[in-house]
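Below is one structure; the comments refer to it alone.
Chain nomenclature is as follows: A, B, C and D, assigned in order of appearance, with residue numbering initiated at 1 for each chain independently.
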Amino acid sequence: MTKVGIIGATGYAGAELVRILCDHPQIKLTILSSRQYVDVKFEKIYPSMTNVTDLVCEELSIDKMCEKADVVFIALPHKLSMKFVPELLARGKRVIDLSADFRFKDAKTYEAFYQSHTAKELLEISVYGLSEIYFEQIKNATLVGTPGCYPTSVLLPLVPLLKSNLIDVNTIVADSKSGVSGAGRSLSLTTHFCEVNESLKAYKIAEHRHNPEMEMVLSLEAGRPVKVTFVPHLVPMTRGILTTIYSNLMEKTSFEEIKNCLTSFYSQRPFIRIFPADRQPDTRYVRGTNFCDIGIKVDERNNRLILISAIDNLVKGAAGQAVQNMNIMFGFDEVAGLSAAPFPV
Amino acid sequence: MTKVGIIGATGYAGAELVRILCDHPQIKLTILSSRQYVDVKFEKIYPSMTNVTDLVCEELSIDKMCEKADVVFIALPHKLSMKFVPELLARGKRVIDLSADFRFKDAKTYEAFYQSHTAKELLEISVYGLSEIYFEQIKNATLVGTPGCYPTSVLLPLVPLLKSNLIDVNTIVADSKSGVSGAGRSLSLTTHFCEVNESLKAYKIAEHRHNPEMEMVLSLEAGRPVKVTFVPHLVPMTRGILTTIYSNLMEKTSFEEIKNCLTSFYSQRPFIRIFPADRQPDTRYVRGTNFCDIGIKVDERNNRLILISAIDNLVKGAAGQAVQNMNIMFGFDEVAGLSAAPFPV
Amino acid sequence: MTKVGIIGATGYAGAELVRILCDHPQIKLTILSSRQYVDVKFEKIYPSMTNVTDLVCEELSIDKMCEKADVVFIALPHKLSMKFVPELLARGKRVIDLSADFRFKDAKTYEAFYQSHTAKELLEISVYGLSEIYFEQIKNATLVGTPGCYPTSVLLPLVPLLKSNLIDVNTIVADSKSGVSGAGRSLSLTTHFCEVNESLKAYKIAEHRHNPEMEMVLSLEAGRPVKVTFVPHLVPMTRGILTTIYSNLMEKTSFEEIKNCLTSFYSQRPFIRIFPADRQPDTRYVRGTNFCDIGIKVDERNNRLILISAIDNLVKGAAGQAVQNMNIMFGFDEVAGLSAAPFPV
Amino acid sequence: MTKVGIIGATGYAGAELVRILCDHPQIKLTILSSRQYVDVKFEKIYPSMTNVTDLVCEELSIDKMCEKADVVFIALPHKLSMKFVPELLARGKRVIDLSADFRFKDAKTYEAFYQSHTAKELLEISVYGLSEIYFEQIKNATLVGTPGCYPTSVLLPLVPLLKSNLIDVNTIVADSKSGVSGAGRSLSLTTHFCEVNESLKAYKIAEHRHNPEMEMVLSLEAGRPVKVTFVPHLVPMTRGILTTIYSNLMEKTSFEEIKNCLTSFYSQRPFIRIFPADRQPDTRYVRGTNFCDIGIKVDERNNRLILISAIDNLVKGAAGQAVQNMNIMFGFDEVAGLSAAPFPV
């Protein structure tokens, strides 16, 4: 049975990895590291896990991690991840990183929006872990950079349409709305209950660092430069991202044509649900799941296409997609550990 | 002292009128009608008003309404309003209607999106009650059609820029997010707590009937046809609308130029707050107030302008703007009854 | 493979049954009935279930139900259930009912708080489905009445202590706080988002019909009459019940003695988690799970014991406990279908 | 016009004072101090106040405070307050303190639950600012210690009944449920949105330091020792406390007798609303107001009285009661600045 370790297990993405991996039928979660909670039982930090896991968080030791794990998930903040990845790879481990450190092919873009990169040589071998798009490359990857939550919600609806040249690449606007867990477990006034509850606001308007990430992939897949005006918003709920994407159509195109383009593109992928004309995505429908739901509306009056995607930012937007990538890398069933039915409410 | 009556006092907009008018220093609220709660004390329906008002809801009688009130607010659903307005006007009352019945100059547009209009002759004399834009006409109006909540949030930031020809009228997208009180107090699965909580979705995508309303006013003010792709979303909070508006700039324009255009246009209007570059609107900042906050961001990379507006849908989006219009009509201080300081949280 | 049918599959408890049973490894969900949604695909009513189940809701036919199912869950409102149970039993089916119809041994108590009972003869064979307490009887039951959500949260902490004669039966107060899904999916002003959000209130104070249910079981287990002052409250969240129970101790008793009593009583039961002194239950820790968490505090100054229990009202308080009972009845692993790890947030 | 200063204006209680005092007709708010935001405009910290106040937060200078203010509100954390009060009093200022520093007559009780007291000599002259109970003493007070939020919600319903000897003082249990703003604006995991949302838990069970405060006042008013088992809970909402109080009745007593006792006791006090038998308090009804609503239920079966009180923890539980006390001290209308009608939702 494949043995799995997690570096950075106590943030929300790390804890979500623990949740999913505890139920995964083909692996065994063997080791957790945490900077903040050394020698603390995981169930003490997350009492929901009482009687579910006995694992104790340890101080990170690469030796011990390599001894106990065949594959390592890293859920550390950006910048920290790249310190540990080279050695893990050198010791023959496969690594699935959830930070931004290994998402970019081009170190310059990364460095413009994050900080200087200390493991640039690995960017070449790293695979961008957008599972449905880079499925084939992920199979053999030793290092996967799991996409950001917002890019996942923007890329999955857009890539097939760009590849089919259905939309005008100069007109794309992505208006995203996210639950608060996307901001992580660290304390800040922004995530204080009283500041978020009964509140709604945009932030990092046209300046979010997920913007270059989505443009990199869109440009690559479209075969020419694609720009996106991207505005994230913070919504008073815990989980979920809803992204509303606006773009002009190249020519008059029907709902059915758009739907067929998406449906055929994703016909083999179990987590993409293309909705019929009378149904629209809701973050509630994907809560706790690895689904990405996509809704379509053609605004004929303005020859504009409106795409709406919904994901759970902690699952398809982070830990779930990371596990999906592990499944692909190790030849497991793609949905292993990720197939629990969603809650009605 | 001016005497005021409300027809339809027990829906959310009606109850918000009661709240505001109970505190208004220059009027006396004398009569409330309700279809659903005849002969019931208002405080029984809204126990928050215990000891605040002794008014009892009555069955609607135009005679009694005219006897007791100098000015009548109507907070009935669309279609019902136009049945009562003609007689109220005939008896010399001034009427402030919160439904869509008297917002449109053109009966055809109304009839295309609502139903047949039975008081078309009054559309000519009715004034569209967007207080800051039609201030002069409102002064002498006998009949005011209070704007919809979404149009208010879209029009206030856009009108000055369109009049100054700063933005490309063919590129306007308005992405609105609304709290649940906008859907009113009527029961529906859409407003059931468990269906809204931890949920986020778009609805009536590019098909909402506030869309023609905003286009009518924008076209009029711009002096040429303006189209808007408008998508409303439902957010798990009670009050507030945040609207994010995207449009291409006619030419390179700075933040300061946009800000100056808005600031000078609204320099005499107390309820419009144009935010500096380091501050962005949040529905929480306007909760319970008649303010419309406007934030500005120039997306230079894409030569696109992003405007963000925030209002309380029940105040500036309904009852508050209606009272503001009364203040203008009767020569009261524009902020009378509407000047309470907002809550910190 | 055991075949399972659900009567009343589209309310929240029914839909939660669908969710759990879709993932259950030892049964096959074969038939759903619904009064409201005849011939509608389940995923159309609950779009979260898109691609998860293909089942279509049918009009209830006892013939068809008996043909397709070995065991039948009934998630109908009180009173409707007893119309169908006799025939299902007569045809040899085992029935797990979620209504109050088969919870009471004594028809008189039922009739005092609900309505007249039309299948009294079955009360004798019916087993009260509080899984941990009536485990042995449930094994061979043909008819199980699943406990109410509030009684479950009150009984599980109290029964062992009453049996050990540790608390004064004349001093029990149970203060329960429930999420809104407990009120079901039916429309009412009480469950309208704007009426619940940012709201907190008690209801049916000392008059709730779960009160006689909990007293019946407590009296039976204590071997003498036990009365409870029970006050339920409605809290702005979707799922979860937290119950705080106050009672005088018979004599000075330590935290450890209380804990030992509970721990030893439940040592073989996988869903009861007795918390240590430094941890207290939170509905968030049991969200989506079948756990009942119990916290203990001895108020030495007043010789009073404070017990706190947390359950998910739709799982351990309804559908989950019903499935647990099926597992017990059919000799499946007690946790089958109910073992998914809880969410960190 | 009376000039008012606030020390500690940027926490939630301080900011609520700013809100209320900005609208107060008989005073002028002249000076704000803040440790954290020296020389920052108040509207920058609370953008809701844009265009409402131009005040700038200053570093605390007692000289300047005394020069600019006739009365000083202190909204600092416990312990800090007592450092400044002696000098303010020495300079002839009247002081209304919102911390616990001047609530206790007995320094020992304070020191047992807080820390050592450095201004004990002032405890004798300090008046406990529970406005309705200590109205006469407050009139001439130079120093008022504003009650804690929980004690306010417990004391107002209980004091009249204890004075009338209607309830058994050995049986009192107070189960309080509070919104999150009661925990203040300081950052902690406990107030992180994702940890509170969809969550419900008890905390500091029978150990909260508001417990001795309520017992002190109850004992004083009852004329003999009164003990309370007090359990606070945290609820996912911003504002509001609902307290459910259980106690045995001394003898059979009717709803009307209880109601008359409360109604006559509070007949001259504008902020206490005693509800009729068919209406129960809801925190939503008092949101943003200085009301304390009280509901009554006699549990005849158990000869137990259930009292339910609702307040807004930031208003009647803190800033509002402090302003009410100022009104009493300065001979203003008791409701000045506190009479805005509540929101319907």
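Keep this in mind: contacts are C-beta pairs under 8 Å (C-beta built on N, C-alpha and C of every residue); 3 or more make two chains touch, one makes a residue touch a chain.
Keep in mind the model is a prediction, meaning the values are calculated, not measured.
Peer 1: With centres defined as the mean of C-alpha atoms, identify the chain lying farthest from chain C.
Peer 2: B
Peer 1: Report which of A-B and B-C is connected by more C-beta pairs in contact.
Peer 2: Between B-C and A-B, contacts are more numerous in A-B.
Peer 1: Taking the mean of the C-alpha atoms as each chain's centre, how many Å separate chain A from chain C?
Peer 2: Computed value for the inter-centroid distance: 36 Å.
Peer 1: Measuring centre to centre with CA averages, how many angstrom lie between chain A and chain B?
Peer 2: Those two chain centres are 39 Å apart.
Peer 1: Please report how many Å separate the Cα centroid of chain B from that of chain C, as a whole number.
Peer 2: Taking the average C-alpha coordinate of chain B and of chain C, the gap between them is 46 Å.
Peer 1: For chain B, give me the residues that contact two or more of the other chains.
Peer 2: Residue numbers touching two or more other chains: 12, 181, 194, 197-198, 236-239, 282, 284, 287, 345.
Peer 1: Which of the residues in chain B end up touching chain D in this complex?
Peer 2: It is residues 12, 15-16, 18-20, 22-23, 44, 46-53, 181, 197-198, 238-239, 270, 273, 275, 279, 282, 284-289, 291, 293, 314, 339-345 of chain B that touch chain D.
Peer 1: Going by the contact rule at the top, pick out the chain A residues touching chain B in the complex.
Peer 2: Touch residues, chain A against chain B: 171, 173, 175, 177, 179, 194-195, 197-203, 205-206, 227, 229, 231, 233, 235-240, 242, 244, 246, 280-284, 287, 295, 297, 299, 301-302, 304, 306, 308, 310, 345.
Peer 1: Would you pull the chain B residues touching chain C in the complex into a rising list?
Peer 2: 12, 180-181, 185, 187-189, 191-194, 196-198, 236-238
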